[in-house]
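Chain lettering (A, B, C, D, E and F) follows the sequence in which the chains are written, and residue indices restart at 1 in each chain.
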Amino acid sequence: MDAATLQTFTSPVVLFFVLGLLAAFARSDLAIPEAIAKGMSLYLMAAIGLKGGVAVSKSGVDSTVLIALALGIAASFLMPFLAYAVLKGFGKLERINAGAVAAHYGSVSVVTFVTAVEILEAQGKPPGGYMVAVMAAMETPAILTGLLLARGMGSKDGQKTGELLHEVFFNASVVLLLGAFAIGIIAGEEGFSEVTPFFEAGFKGVLCLFLLDMGLIAARRIMDARAITFRLVLIAIGLPLVNGAIGTAAAAACGLDVGSAAALGVLCASASYIAVPAAMRLALPEADPGIYLTMSLSITFPFNILINIGLISMLASALTGMPGGEGIAP
Amino acid sequence: MDAATLQTFTSPVVLFFVLGLLAAFARSDLAIPEAIAKGMSLYLMAAIGLKGGVAVSKSGVDSTVLIALALGIAASFLMPFLAYAVLKGFGKLERINAGAVAAHYGSVSVVTFVTAVEILEAQGKPPGGYMVAVMAAMETPAILTGLLLARGMGSKDGQKTGELLHEVFFNASVVLLLGAFAIGIIAGEEGFSEVTPFFEAGFKGVLCLFLLDMGLIAARRIMDARAITFRLVLIAIGLPLVNGAIGTAAAAACGLDVGSAAALGVLCASASYIAVPAAMRLALPEADPGIYLTMSLSITFPFNILINIGLISMLASALTGMPGGEGIAP
Amino acid sequence: MDAATLQTFTSPVVLFFVLGLLAAFARSDLAIPEAIAKGMSLYLMAAIGLKGGVAVSKSGVDSTVLIALALGIAASFLMPFLAYAVLKGFGKLERINAGAVAAHYGSVSVVTFVTAVEILEAQGKPPGGYMVAVMAAMETPAILTGLLLARGMGSKDGQKTGELLHEVFFNASVVLLLGAFAIGIIAGEEGFSEVTPFFEAGFKGVLCLFLLDMGLIAARRIMDARAITFRLVLIAIGLPLVNGAIGTAAAAACGLDVGSAAALGVLCASASYIAVPAAMRLALPEADPGIYLTMSLSITFPFNILINIGLISMLASALTGMPGGEGIAP
Amino acid sequence: MIETVIRKRIEILTDTALLSRVTDAVDEAGITGWTVVPVNSGKGRDGRWREERVMGTDKVFVLTIAPEDKAQVLAEALAPVLTKYGFILSMWDVEVIRGERF
Amino acid sequence: MIETVIRKRIEILTDTALLSRVTDAVDEAGITGWTVVPVNSGKGRDGRWREERVMGTDKVFVLTIAPEDKAQVLAEALAPVLTKYGFILSMWDVEVIRGERF
Amino acid sequence: MIETVIRKRIEILTDTALLSRVTDAVDEAGITGWTVVPVNSGKGRDGRWREERVMGTDKVFVLTIAPEDKAQVLAEALAPVLTKYGFILSMWDVEVIRGERF
């Protein structure tokens, strides 16, 4: 374990996540009220959106931004194919469940991204502000691919498809992320400065408590899990490793800076556990939430937070040749 | 649109309100949990009360304060008469509904006031701290006038009147506003400094999220509205214009400074959507919430936030001959 | 009333508590949503735990820490015996209720401790960071003594005892306090600095709103109280006086500094109203919550906040010969 | 087999602001207790409501279990208020254990 | 004595995300209104769920009171969805005051 | 017309802290599932309670639908605890669709 990974484990943000895991495994009754958890998640999305927008209002939009967007959207569309093949072949899932799980791994986890940004910034490798827009853009394409894989081309139910597309494009997190992003661009640094104490100073502390809750939820779910086989556990660890490496490499090859390349890698590695499960309940009610939620939330999410973000950060430094922080320093 | 109005539209506070409106119109499922919204509104009232009290503890109480209080109370008592006449005549509402709506327009909206203070301060025209007490004093008189108009003098139900008066004078927002105001006076600047990071630094950020929620609620209500005629829409825009202008002019004539005159104008222009609806459900259950809530919350409130505060600010500058900020600067 | 006591009454933290009491007595409908109150209490525990842990990471663990821990644990085990004797003799409670109430007075109130820390710090007598661990250690021993007194040695129900012990040692507040304490030690000052704006700057403000809520709840409960006799009221005031004095004296005799001695006194004086009531519902369902909650929450808690913390602070200064702040200054 | 008795379970939908009127009526009917359950949203003749907390016009359910005669007293007492405020009252027979306490 | 009439009280447990499907069905059955009550957690064939807000898969109860025939229409309309999404529908007779409004 | 079967709907008011005792009893009775609904406040022989979260003594409703025989088993299993902790259990007949799953 090198310095960067160690540093991860002394960050309060990660430590609170570990506390949540431990408390749940010890069957403590510690719990964050639902409304508070929802409030914190809205806060985090508004804050990260604003921050990204302000950054873009300063840096402007250049070709790198467009490349990163294109990369992210392509990844979200394409990653489910790989996931689907593995889930059906090695994972022995049938079509419907394989498609549903694949959609999760193509999409992204906002909290994983936010945690990665904190860790990358602490390592001196801040990602570009536009990565927030990339994240928002990556939320939905995977849902379409996943549905296609699960149901085949012949989906006839037009009314429901319209409902689903609406749900997918106007779901709360996309609207809030992109809305706050736009506000950040319009308000700019000066306008943003008014709300800095709230949205910037409080950010890490809120993230601590939110990750405490995520730790509790992830651990409780896995203790109740029934439908998870050992093969699925392996996939839930293997996919983020592979997707993360591919995403980071592609981003580095396209000339993104070290922080942004790592962030794109993390986005590829992360699996959705908010937007996509909701969409799947609507569109694929036959799929088993016990499989897709447990894999994305209870295995992939902790694995990314505790280990994979550190690995991706190192990979990005190696590939871009820009050490940035202590990532590969002696 | 001059600089001041434009500036309004680059303020994150207003932009979040617009985001809420747009998200609801796009039928997004974005929503702030009820408990969080209530918590934010308690926070805003405690903070504005404290701030006002601290300001008064510094400036002391002089005749201006008493004049402003008298003006506000008089306005709250009298404004419902004008509103009632217009609602019955032009608006074609019958007695009960006209009285209920009139009570709303005589009373005040805390959030409109708070937003106005933010905007006025950004324009270099901060209102006096005592305006918080004026606001609290204006909450209730209009309720009495409105009931009188709706029911006539012959209200016989003594027990219920007692209950109503208690409800009206000890309702949560009056108690919290005046309580925090008193605490601000007792604690003074020194005592307040301990809690400044929480109550002052976080204020604008919380206001952003609260207005996001208000935008969502206002837009959703109007999309469901059924009892609203075009004439009522006109009244819901015309009353704040007229009341605002009268209030500002009266305040300026009485010698209030530019910021306080504008604040009094905004208080007159604003319509209650918290204290008064609750009182009306108790006292006038026959009145239709679909009318009074939609008018005050979905039409007058956005109109005030987006347009009228800017107009009143300019009027105050013109009338007091004190430009203050960029209001009327070239 | 000397300067220190007076200062207590101009602190916003205490004033908000008084506001809550007054609002409830005036039968105002002011109320903090349950989820917000729970969220604030989690925040306060995480913050105080972190702060204590960071302090210990700086100061290290020496014999004083161990002495304070031993003192606290001994006090928690032993204090219920005195309380039980008084409650049965003077208070005329029967065995079950006397044991249940005794457990409350042996255990501690986190919010009383937190408020005391704020007041002591403002008086220039900050307690040692390790006192947080002492507090956590004092939560549970009293429960065991209380049960012993209530049920005698012959408790046969092994399964339920196991369940109870688990509940008692892994209850939310113990886990969060000690968990955050550990995170504070691991993260150290540097790691903590990232989250300072959230956990430190906001602390007093959150405490204000939390005490507002506690005031509302304490006053409402006493207005509904039925099972409380005048003798029980006397005990609910006498016990914190005696326990507080004993605790402070013992701590001073053992060489703790003035702030820590006062803090230990406050811990002894305080009565639990979170962890212990929950445990009593499980283990002694026959005991009457109307007695133990009303005594600890509605009498002892306000008495400690408003009067006893000030007294204990003065006693600690006198006994340690270290004035610290204005405690005994002219 | 355990012994059960038949009681009425009464359910009243009321504005939160008017809750105390309903619970006072329950107390006055001599019923031993009541329980309040939160409500999220709804739709009636007056259209939809939701998130009314801002307006203080949100609603709750009051549930109470009572013997037939007391249930009747309560229904009579509330009938005028029901019509005026648009509350809803429904009741049905349930089996309860420990019937002596209701 | 106050007059009561018999109506059906129908209770449907549904995913929050699918709430509008259920309430639309209530509206289409010509029923005058409905009320939504929050749900904390539960257990079924698919195991436990709780704190699902993060996943948007939490549930609510939809309650509605209707005359027998409309209740039947609603049950028929919802039956296919019930099986597909694992909803639960139960109904029973209740006495209501102001029967004309249901 | 759609086919319905008769089941028992059982409703238990319990302390949140003791919820697992009740749900364990439901599981042991062989019932397929249960649902937990929040409760705001209440009044009983021990007086009013509300906002008890600070004290961890707040309450919830546990709802479950089961065939008559299993309902009886559950009621028997819970009867002693009911008296001890002051819980409330009531049950009544309901019609359900998809009767085979209960």
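Note that contacts are C-beta pairs under 8 Å (C-beta built on N, C-alpha and C of every residue); 3 or more make two chains touch, one makes a residue touch a chain.
Note that the structure is a prediction, hence the values are computed from the model and not measured.
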Those chains that touch chain F and also touch chain B are C, D
For chain D and chain F, the touch-path distance in steps comes out at 1
Maximum distance between Cα centroids and chain C occurs for chain E
In terms of CA centroids, furthest away from chain B sits chain F
Per the C-alpha means, the centres of chain A and chain F lie apart by a whole-Å value of 39
Taking each chain's centre as the mean of its CA atoms, chain C sits from chain E at a distance in Å of 46
Multi-partner residues in chain C (2 or more other chains touched) are 31, 33-36, 38-39, 167, 197, 201-202
Listed in rising order, chain D residues that touch 2 or more other chains are 37-38, 92
In contact, pair by pair, are chains A-B, A-C, A-E, B-C, B-D, C-F, D-E, D-F, E-F
In their shared complex, chain F is touched by residues of chain C numbered 31, 34, 37-38, 41, 167, 214, 217, 220, 224-226, 273-275, 277-278, 281-282, 285-286, 288-290, 293, 297
Chain C partner, complex, touching residues on chain F are 15, 17-18, 46-51, 53-57, 84-86
In the complex, chain C touches chain B at residues 10-13, 15-16, 19, 22-23, 26-36, 39, 122, 197, 201-206, 208-209, 212
The residues of chain F that touch chain E in their complex are 1-2, 4, 7, 9, 23, 27, 32-38, 60, 65, 92-98, 101
Per the touch rule above, chain E residues touching chain F in the complex are 13, 37-45, 59, 61, 72, 75-76, 78-79, 82-83, 88-92
